[in-house]
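Below is one structure; the comments refer to it alone.
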Amino acid sequence: MSEDKELLKKDISLRLRRIEGQVKGIQKMVDSEVCCKDVIVQIAAVRAALNKVGGLMIQNYAINCIGLDDENEEVEKLIKTMLMFLK
Amino acid sequence: MSEDKELLKKDISLRLRRIEGQVKGIQKMVDSEVCCKDVIVQIAAVRAALNKVGGLMIQNYAINCIGLDDENEEVEKLIKTMLMFLK
Amino acid sequence: MSEDKELLKKDISLRLRRIEGQVKGIQKMVDSEVCCKDVIVQIAAVRAALNKVGGLMIQNYAINCIGLDDENEEVEKLIKTMLMFLK
Amino acid sequence: MSEDKELLKKDISLRLRRIEGQVKGIQKMVDSEVCCKDVIVQIAAVRAALNKVGGLMIQNYAINCIGLDDENEEVEKLIKTMLMFLK
């Protein structure tokens, strides 16, 4: 949580770009009739990546929008607990 | 969120007791060979109930342990957003 | 499940294209500093869309790869139950 | 999947009994004002245990109710894929 606020936003952007690439990859797999099982594994991977981004956005919300003090140990624990439960 | 803190704890306790009853009910269904589909519907219901309790515990954590101001509209929005993402 | 197999694949492709668009939209929201709550709502929507596609892929797997009889009422019930549990 | 069908049912029963115990434990934690974070960790553990039971019930459904051949390599792959996606 000692992460710089700007870094958090960049991390989110980067992850979203990667997710977009993964979704494009899945489309190609479907078009080229790749074995369904591998496609499902990829979909599960994208879902996990989205959950991670959702957690980071909530962290971002708490810190950058609501202004919770991310240097505060208690707030840090709350956010960590919340992220753990989101998984 | 204007809910009394004591009420929140009671609500959580009540929900946990209900979940315990639901789990016992599922055990009976399994023992008496009830159609698997109905059992799976019940398991999904318990999971949803647990998610709700988890959300309430996080709300409880934020308010009763960390001391976030539950009258604060922004904190309320954060928690609501988190609960929505949990579903 | 009486759906034509080709239609199922087209449905999956269409949904993936829509998901790609949604992810691009979320990136724009993040870049233009849209209120975090709305972004999180969108992420949850994409996750739900992905779960739906995953379910359809499993249905596709069962029917087109493994050759389960999609006219079989029991197989149809199994897949419906699984999709219900995924939500 | 070479597991005996009776064993699968016993495994499910045992897991449900354990879940019931875990839920009781959480109730005690809440009553004795244990730190919220630990309670939330426990709730997440029960949810994971329930998801596992749900997956086993779907497997049970496929084999014992619908009569899919669990010795069939393709059916085994389908069920494994489904369970992987359920996580």
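Order of writing sets the labels: A, B, C and D. Residues in every chain begin at 1.
Convention: a contact is a pair of C-beta atoms (placed from the backbone, for glycine too) under 8 Å apart; a residue touches a chain by one contact, two chains touch by 3 or more.
Being a predicted model, the structure only gives us computed values, none of them experimental.
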item	value
B-C against A-C, pair bridged by the larger set of C-beta contacts	A-C
Same or different residue numbers at the chain A/chain D copy interface, by half rule	same
Where chain A and chain C are represented by their mean Cα positions, the distance between them in whole Å	19
Chain B and chain C: spacing of chain centres that average the CA atoms, whole Å	27
Interface hub residues of chain D, defined as touching at least two other chains	36-37, 40, 43-44, 54, 58, 61, 65, 77, 81, 85
Chain contact graph, described as a line, ring, star, complete graph or other shape	complete
Chain A-touching residues of chain C, taken from the complex the two chains share	9, 12-13, 16-17, 19-20, 23-24, 26-27, 30-31, 35-37, 39-40, 43-44, 46-47, 50-51, 53-54, 57-58, 60-61, 64-65
Parts of chain B lying in touch with chain A, wherever the complex brings them together	54, 58, 61-62, 65-68, 74-75, 77-78, 81-82, 85-86
Chain D contact footprint on chain A (complex, rising order)	36-37, 40-41, 43-44, 77, 81, 84-85, 87
